[in-house]
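First subunit A sits with subunit B, and in the next complex the same chain sits with subunit C.
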Partner chain A sequence: MVMKVAGIDIGELTTKVVILEEGNILYHGIAITADKAEIAARKAIEIALQHTNLAMLDLSYVLATGMTRNGVSFANDTKTIITCLAKGVRRLFPDVRTVIDVGAESAAVFNIDGAGRVDSFTLNDKCGAGSGVFLESMAKMLEMSIEDMVDEALRADKAVTISNTCTIFAEQEVLSYTFAVPPVPMAEIVAGIHESLASRIFGLAKRVRIVPEVVLCGGVAKNRAFVKSLNKRVESELLVPEEPQIISALGAALLAAESATVIKGN
Partner chain B sequence: MKIDEVKTDMWFKAMDSWFGMCRHMAEKPSSSKANKLYYELYVKYYERLISATEKGNIVVHPTSVPTEIIYAMDLVPMLVTSSTWQMAYSLKMFDKVLAIAKDYGIMDETCSVHRMIGAFAFKGWFPKPVAFVYAAGGCDAFCGSSRLLSHLYDVPTYCIDTPYHYTGQDIAYLTLQLDEMVNLLEETTGRKMDWDRLKESITIAQKQMELFQEIRELRKAVPSPMENRRAWQLNWFNWIYAGSDDGVAFFRTLRDELKERVEKGVGVPGVEEKFRLLDLFMAPAHSFKLLDWMQKERGANIVSETLIRYDNDVVLNPDKPLESLARKWAGGPLWNELQGTTDDVVRAAVEDAKAYKVDGAIWWDNNSCRQCGCIRMTRDGLLDKIGIPTALVTCDIMDPAFTTYDEMKDSLAQFFELLDSRERS
Partner chain C sequence: MAGVDIGSRTGKAVVMEDGNIISSAICDTILKGTEIAWTTMKRTLAGTGLTLDDIQYTVATGYGRFVVPYAHGNVSEVSCHARGVHYLFPSARTILDIGGQDSKAININEQGRITNFFMNDMCAGGTGKFLEVMADLLQIAFEDMGKLHFQSRKRILFNVKCVLFAKSEALTMLREGIEKCDIVAGLNDVVATAGFALLSRASIIKDLSLTGGVVKNAGVVERIKEKTGLEPLLAPDPQIVGALGAALFAQKKYLAKQKT
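Let's look at the complex of A and B:
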């Protein structure tokens, strides 16, 4: 029988699922986390099963990750997000040494040594200004979509400086630019917003080491303006996976496959 | 601004609750001899403070003042940090006290220890002392909070100016500073230093220090015999029972208990040692149960604390009591690491990591503590020199709302997985 396993990452805003069949990705998907961990995970896995025409019983092993991972009753095991990210990133980028993960409401940076072992990590879950929610809140205030904000920022030749480190105060600062006389071009304001987030993430990354290859993942890695801003600071080229949001779910699935193989072997 | 009146009701209320908790802990059937004695002595310490509150002979100090001097003048030292924590803990009012500090304009950017001290002082909840003494080095925020206390309570204060390094000349300077402290206390309290009593306490302090070192040695055993939270108990008693027979009794009881475990080749009851960890900074005072969790649930034994150690060359001479205290201070817990260069911190961390055969280190990244600025150097030092990874646990020493218990637990869980994977590879 062909072995299928699943990895689930329950994030603050979205729940990600990856199903592997004999080590290959059979499915990956993202669902909104609108409920408690158990319900969010069930909803996400049901969607995955529908897409793949599988039943729960077809999955040999399910591994959950994310802050609320312990609330998923149908998971065979749980692992922390760093372990899963490391596994997932290494699968795609075997020579990775630094991983920067910027999610909706948290960020993490860690180093991986040549043997694939994580040796340092640092987290930011204290401050919205250091995660995706910062961009969301700015977009909302400026009544722009994130996509428009990105396009606008990429057009800018220069960026305003947003010196406040707090999202709330930064909003006031952005407002002061929008009403400035003479007006500040919107492109420069939104470029400044991306620079501000990149600067905070870079500061977080400096708490560990930035050693190439550097991989950027998490939902914010899809934001091209942010990637550009961060790339200016990081000396080596930032590598961004095609689906940066699913890396921890992929790692969880890979770990699930390892555990399932051990069980099968026994 | 001065406080209108000293309102010790809260202080006594906290004592009642604290005594109840201590007695409960001491009487628990599972409580070891050392544990019982610890709680009994903690009660004794506060009973003495209550009696001193009535007599009016309290000297308030942080963990930077040789209390042997205060005892030898027949005064009663009150360790402001542990008293603050104990009051907030007993009355379950961490949030309330921090809110009071904010009401009085003490910014959140200030370390929560000092915010709490400020709140208690503004409210007049501490008993009125005859003097405040503190040191400028290490945690220099004490310069602010101690002066605030002194100002609000309108009592004299003395600041021990501390040298940055501890060469012979620096020790001479520190000795002179302690001498001046004695003069100030004599002037302000009208009491005279009993030099014979001080010499006697130096002899006891030497014994206490030797026991302290023995305990540290015993923790090198595999499995390590000591409970994670015990080191901080040792630290507090090293200050509040400095140079006293009670202090020696506790240290000896604990030493005997650990020695027995080591001789039998057993560790802490109910703990299967999986990881040996080096503690690089202060764990959050409100969540010491986290130390129990990591030990009991994850087999993570903290085997050494770089902040709670004596340099090997510290020897006390009763004939030179103040100089001895200067040496003890400079080479002893907290201040040998908090004062001086980060290179020294890295050196101590690497030495301990090797000697205690640790698998990893933990830095409790305390919000608003400037000492946490050197994390990167220490972490890189441990990793580059001996391949030891360090967990960085974001927390606040007194504010449980800053990082929740579950968040800290998750941070540690990530680290234990990291150690697990290193062990496997």
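Let's look at the complex of A and C:
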């Protein structure tokens, strides 16, 4: 029988699942689940099983990660997000030395050595201005979709400066730009919003060493305007995986496969 | 003598005659530029029979102290709060001021002189703005947050200070069917915790006095009491203490001017 394993990453707003079959990705998916860990994980795995025509019993091993990973009863084991991210990123980019992960409500930056060990690490999970929720909050206030905000920002050749760190105060600043006389083009305002988040993340990244290769992942890595703004600050080219949001679930699945193989061997 | 405190959210003014407060007002509407300064003073003078010409000296304070066209001078809000508290409560050695968009912890000595102070104006977490955003989210009145606090039977702890994170936590709680009053008490606790953290950077020496619009919320006061173990001294209207301090400075400055 071919071995199938799953990795589940329970995030603040979404749950990511990767199913591996003999080391190859059979399924990856993202479910929107702002819910308790157990419910979120069940919802996401059910969707995954439906898509793959599998039953829970077909999975030899399930490994959960994410802040609330310990609340998942059907997981065989849990590992930290950083461990899973490191594993997942190295699978795609074997020469990675710096990982920048920007999620909905947190951001982390860490270094990996040649052997895949995580050596320095920094995290922001206290302030919304340094994570995806900053952009969402701004989009909501401007009554724009994130997609429109990105397109608009990419058209700008200049960006306004947002001097406030706190999202709440920055919103008032942005609002005053929208009423400014003479008017400030919306493109420059939304470009400023992306610049602000990029400068916040760059500040976080500077606390560790930014050495190539630098890989950017997490949901916010899908935002092209943000990637462009951050790339201006980071000297080496930022590498972005095709599916930046599922990297820790991929890592969890890879670790699950290793554990399942050990069990099988015994 | 008059003191005018133009804060981020409201304008406050106090008029004094021979060292006694004869009138005060709080202007709660958002007005642009100098309008807030004029409206606040107009409301304070209403019913006193006085006009602006009768005021011999006006000191402006607060974040908008430079947009008070009729002021003779201005003094920082930290000095004014210290001055106002020292006048009301000579035994006070520590002040926590929680305003609309910032908060301050101040130590003063027996003479009312400032010996230490810390300020948070970078993060809306734990300020009036925090509770305002949350009241809006919960669809309750900001003014009711103190009252609702005491209806709470279940203790809830928010593990966050950031407004954005607290919003998403509160939404999850609402979905789970947690009572609004319990959520409100949890939010008041966040404000008290942030205030306590700021106080801890200064020295918490008794007596402790609380000022600012947010401490009209008795729930916040209760939790600060719990965390500091001190019985805080509160002015009849803690929101006008800065303006009171400014009026006291006006008196001092006027007398100094008379002498020369």
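Observations on the model:
Everything below uses one rule, namely that the second predicted complex is superposed on the first by the 266 of 266 C-alpha atoms of A that agree within 3 Å, B and C clash if a C-alpha of one lies under 4 Å from a C-alpha of the other, contacts with A are read in each partner's own complex, and residues count from 1 in each chain.
Just so we're on the same page, contacts are C-beta pairs under 8 Å (C-beta built on N, C-alpha and C of every residue); 3 or more make two chains touch, one makes a residue touch a chain.
Computed from a prediction, not measured in an experiment: that's the story for all the values here.
On the superposed subunit A, the positions of subunit B and subunit C overlap enough to count as a clash. In the overlay built on the shared chain, the residue A:E188 is in contact with neither subunit B nor subunit C. Contacts of A:T80 after superposition on the shared chain: subunit B is touched, whereas subunit C is not. In the superposition on chain A, A:R209 makes contact with subunit B only, not with subunit C. The larger set of touched subunit A residues comes from B, when the choice is between subunit B and subunit C.
Judged by the touch definition given at the top, the superposed model places A:F134 against subunit C, while subunit B stays out of reach.
By the touch criterion defined above, A:R117 lies against subunit B but remains apart from subunit C after alignment on the C-alpha atoms of chain A. Looking at the shared chain after the overlay, A:D9 reaches neither subunit B nor subunit C. Of the two partner chains placed by superposition, A:D101 touches none, neither subunit B nor subunit C. In the overlay built on the shared chain, the residue A:F169 is in contact with subunit C alone; subunit B does not reach it.
In this superposition on chain A, the options for subunit C are 97-105, 133-141 or 169-177, and subunit B clashes with just 97-105. On subunit A, the patch touched by subunit B and the patch touched by subunit C overlap at residues 126. Within the complex formed with subunit B, the subunit A residues making contact are 67, 79-83, 115-123, 125-126, 206-209.
Within the complex formed with subunit A, the residues of subunit C that make contact are 101, 122-125, 129, 133, 160-165, 168, 171-172. Residues 12, 34-35, 105, 126-128, 133-134, 137, 165-169 of subunit A touch subunit C in their complex.
On the side of subunit B, the complex with subunit A involves touching residues 375-376, 379-380, 383, 387, 389-392, 394, 402-403, 407, 410-411, 413-415, 417-418, 421-422, 425.
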